[in-house]
Amino acid sequence: MAMSLLGRFAARAPVPVFPAVGRDGEVRLDVLSLAPALRVVDSPRHASILLVSGDIRTADRDSLARVHDQLAHPRATLWWGTQPRADTGAALTVAAAESPETALRDLYRRLLTGGHTSETHWLADEPPNPWRGRGDHGQGGEGMMGGVPYGRMMPMPPTPDLRDGLALDVYTAQFGPFLPQLPPGLVLEITLQGDVIQSAAVVRPPFLPGRDASAPFDRVLHEATPVAAIERARAAHHLRCVARLLGILQLAPQAARCRRTALKIERGGSIDLAPLRKTLRRAGAFAAIPAGLGPIDAAWAAELGGPAARAADQARDRRETAPAYRNLDFRTLCQSGGDVRARFTQWLDEAEQALALARAAGDAAIEKGAPVETPWGHRAPPSVYRLTDMLPGLEWGEALLTIASFDAAAVCRMAPLGIENP
Amino acid sequence: MTLTALLLVAAALIGIGLYGALSQQSFVMLMMGLELMLNGVLLAAVGFWSLAAGGAPAGQLLVIITMAVMAVEMAVGFALIAAVYRNRQADMTESLDTMKH
Amino acid sequence: MIELLGLAAIGVIAVAAGLALQWLARADDHRVSEPQKVPFLGGGSPQVHAWQRYHVRYYSMTLLFIAFEMEMMFMYPWAVVYVAEGIKALVEMGMFLTILSIGILYGWREGIFRWQ
Amino acid sequence: MTLLIASWIAVLLFGAWCVAVLDNLALALIERRSAAGALTAPLYGAAALLRQQQNRTEAPDLLNWKLAPALYLGLAAAGVAVVPLAPGDILADLQAGIVLWGAVEALTVVVVFLHGWSANSMLALIGAYRYVAIGLPVMLLSMFVLIAAALPAESLAVSAIVESQRSLWNVVRQPLGLPLFLLLGLSLSFRGPFNYADSADLAGGTAAEVSGASRLLWEFARLAMLAAVAAMASTVFLGGYLGPVLPGPLWLLLKTAALLIVLVAASHLFARLSPARMLTLLWVVLLPLAFVDLLWAGVVAL
Amino acid sequence: MVFWVFSAVAVVAGWRVFCTDSMVRASFLLLVSFIAVGAIMLLLNAPYLGFATIFMMGVEMMVMALFMVMFMMNPAGLNPMMMVHQHRFSIAAGAAAFVGLAIAIFTTGFPHDPVAAGRPVIHDLGRELLGPSMLIFESAGVTLLATMVASVILSSRSGRFGAADEGSVPPPLEPGGEPAGRRPDDEGGGHAHHHH
């Protein structure tokens, strides 16, 4: 009785959702996360529902199962715009175009009031390594550093530290693809000594920005597209990048505001970004990013293109010569420095500029197939510059800031496969 | 709570601390033994101050000075451990045998 | 003694209530399965235990801190007699703090507040 | 005595709920969305956590893991026990009340470290170590400002500090004290710019592996700790129960609520520095400010 | 009664420090021992010293735990072990110390002069610090400064004269042998550990 009452109470709480983001699943999750009835959480331990948004790579299936099994009971999975796992029986799915908000609420209510049984584990219920009964105390280990106590090995042998030379244990593990603060899909094998990264290697790159025929930047390949639509999409993209970075600076509500603004812009709202910028400046978002963190030089910037290049003082922008922009008094914006703070500022500057262009453009249009400056620079080919070269020596939070200061396309190009992996 | 009882407890702490300081192989555990002995000293000092010295202020000062000694011992001790480890990657008292050669 | 009793009572009640809550809520829990126990790394599974000789990046700062914090022991009793002792107390503590501040400045110059 | 204890438990529960509601309101305000459900959401959320399974990891230090949230709550309760509700109406009228606060701060660092350590998980471990780096120097600031507040009272007892403010509140006499002490509030409950323990970049930090009732207790203790700091700050710097017309406890409540609003706003309005930079800031900028506060208070008190 | 409870906690926790495998537990058990002693101080009419012991030791044991974990192999004690030498001798020495002290305690007559109930002990201490013991107080300041400088010099790598370990090679265990140091296959640099 008391339990069912508690369950009914619990069912009225905001639905705690852990997102597992697959291909093309990020933007729609950004939009969904604004729903007041949901709470997107950072750890599967805090969630009741695993929301799989977008297609999961074959290589990521095990990771998905691992994250699923880490959810505390009662738990359930909702597949949003993707095929469910084959062995999950009657899986709940929602089409990509629909919002799963109602489905999530309903699922959560049934989960807590007993209408939906908690899902069992997907992986085999056994320890990673057999250990029981071995060693002096049956703990699986031998000697001081040997064996596999409780199923895991003892730390790796120490190596001299990059920063102060003290040779202490290192910790190597794969982080991602579902770590919320990394770009979706990115799997890094990171070696940590304390909280400083000693070395990093890309195991799987993040997802490239999807090609969606209805999105302005792809629509222009097939038909003439208004400049206003293009520029609004650019502003929305940049604001979502800013939001990701703000999350790492512990500014969650400001990040949500950026996402909300991005959504309004996409829906055609005319918005002044100055108040948002003021809020961010007052919050110390600019000052909180260490000066000179994650710098790229001119050659590196030139190779990446896009806002990252312009943040490193490379004034290259296709819009300068594009006929559609000729009457709009377009001027390429640049930052000096080429570090994380410069890229952050560049995104905000360009978003503001894009909104001004969208307002001024009227019904000017870019003709079909004309070259257009995308919000993310070049998509291909792999760059000779490596993301993983930037990370060693950085503290964990600084490393995440550095990664978040690049858009997904740039990270993809700096994270090609098979080179770092011996 | 008599002074005798109190001092017995302090003596027990000092005894255990001495055992730890003599028996432990690693520097840090050795320091734990020293700290435990000083813990007994603290207790005895406060006991004397409170029950046998009529609350003479110098007794309290003695306790504070003992704590200062602990702080100094810890700070310098750990600094030494860090320095030794950096140069020799050793954290055992016996790894310093080489000093004798 | 009575004032200590109040403190002890509320502390004990709070800790006991906390433990009781966790113990009672355990009653209808599912068993924790093995895959559920894997530490969260965003999908990865670590090779080794996280417990290791952790490289503390601020160890010099903690040593400076221990020595500096000792001065608190002297300051509390100082505060009580400050008004009665007047300017002499101000000067003595001023000297004491100045001496210790030199240590902080030295540490700063040696860069111990950075991540080592 | 029993009545006082009961009222303190009520204060803790009510205080934590208030902070949670204020949190929701602040978030809604900053995000520019409606704040519907802000009053009830904390209660429903608590029910949800009670219905959730309590997780454990491979080979955790289970004893310390379960003990840490309970001890944290105990520390919040002990901290609030020295706050007088009205003249003579105080649960623990300690001669060394502000030294007890020093002990609460030191043990909080220990407890948060234990919470992160005992899960045997890397992200939680990083949170624990980061917290120690920041929690230790912040403690110095708060001790300096509390000692400054004790100067005019000529006593370490909290009740004496309140009585010493009959003519003038400490916030006027030593204006730097209150903001520095509020920083301690953010640090003890690791929120916003001082969230080095349970931060988003560590997927929840020390709480990353914790679910169910243990997590409910942990989050509740964080809220209670913030409320305790606000109550202490209003007592030491804003004259506590002193005030005209209204009864003393009501004044204390009003002042605490005002400080809670400030604390909650500050915890959502400011970005977090990287731990190394915060460390430098604490030692090189804020600690000298605490010295100035002490000197100021000393000169005024003479 | 309360005194005996805290005494038992202090002694048992102090003893467990050397029995537990986890370095973190060992540090915090020592802290528990200190807290119990602090509580006894509170019972002994030392309100300031009692709480001050708790906060000072809280901090010191926190730092102790950091260093324990940093420099001890297997810091969490996942593989239980006992790293002791001259074990029997140490037990004997500890026991002898206790017995010797106990005999001394029982054979010595102590004056009975308890602190007066209303005595302002914190004021006393303050006056002592600023009056008769002023020199002790200020020289404590200088000592602490020396400690700060020494610990910074010793522990940090960078300094005016370059890295502290520049050019240093771990010395060999035997003359002419290989450089010492930990290798995973070589537990503890070749010492015989007593595994129990």
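Just so it is clear, A, B, C, D and E label the chains in written order, and each chain counts residues from 1 on its own.
The rule is simple: a residue touches a chain if its C-beta (ideal position, glycine included) is under 8 Å from a C-beta of that chain, and two chains touch if they have at least 3 such contacts.
Quantities reported herein were computed from a predicted structural model and do not represent experimental measurements.
Between chain B and chain C, the least number of touch steps comes to 1. Counting only chains that touch, the fewest steps needed to get from chain B to chain E is 1.
Across the assembly, the mean Cα position most removed from that of chain B is the one of A. Each chain gets a centre from the mean of its Cα atoms; the one farthest from the centre of chain C is A. Looking at contacts between chains, the pair that accounts for the most C-beta pairs is B-E. Of all chains shown, C has the CA centroid lying nearest to the centroid of every protein CA atom.
Chain geometry summary: the mean Cα position of chain C and that of chain D are 14 Å apart.
One finds 33 Å separating the Cα centroids of chain B and chain D. Mean C-alpha position of chain D lies 29 Å from that of chain E.
The set of chain E residues touching two or more other chains comprises 43, 48, 52, 55-56, 59-60, 63, 66-67, 70-73, 76, 78, 122, 125, 127, 129, 140, 144, 147-148, 151-153, 155-158, 165, 181-182, 188, 193. Counting only residues that touch two or more partner chains, chain A has 3, 43, 45, 70, 72-73, 127-128, 149-150, 152, 154, 158, 164-168, 171, 173, 179-180, 194-195, 395.
Each of the following residues of chain B touches two or more other chains: 64, 67-68, 71-72, 74-75, 78-79, 82, 85-86, 89. You'll find the chains touch as A-B, A-C, A-D, A-E, B-C, B-E, C-D, C-E, D-E.
Per the touch definition, chain E reaches chain C in the complex via residues 42-43, 48, 52, 55-56, 59-60, 63, 66-67, 69-73, 75-76, 78, 122-123, 125-127, 129-130, 134, 137-138, 140-142, 144-145, 147-149, 151-153, 155-159. By the touch criterion given at the top, residues 59-60, 62-64, 66-67, 69-70, 73-74 of chain C touch chain B in their complex.
For chain A in complex with chain E, the touching residues are 135-137, 139, 141-147, 149-150, 154, 157-158, 164-168.
Those residues of chain C whose C-beta lies close enough to touch chain A in the complex are 28-30, 33-36, 38, 40-57, 115-116. The residues of chain C lying in touch with chain E in their complex are 1, 4, 49, 51-56, 59-60, 62-74, 76-82, 85, 88-89, 92, 95-96, 99-100, 102-104, 106-107, 110-112, 116.
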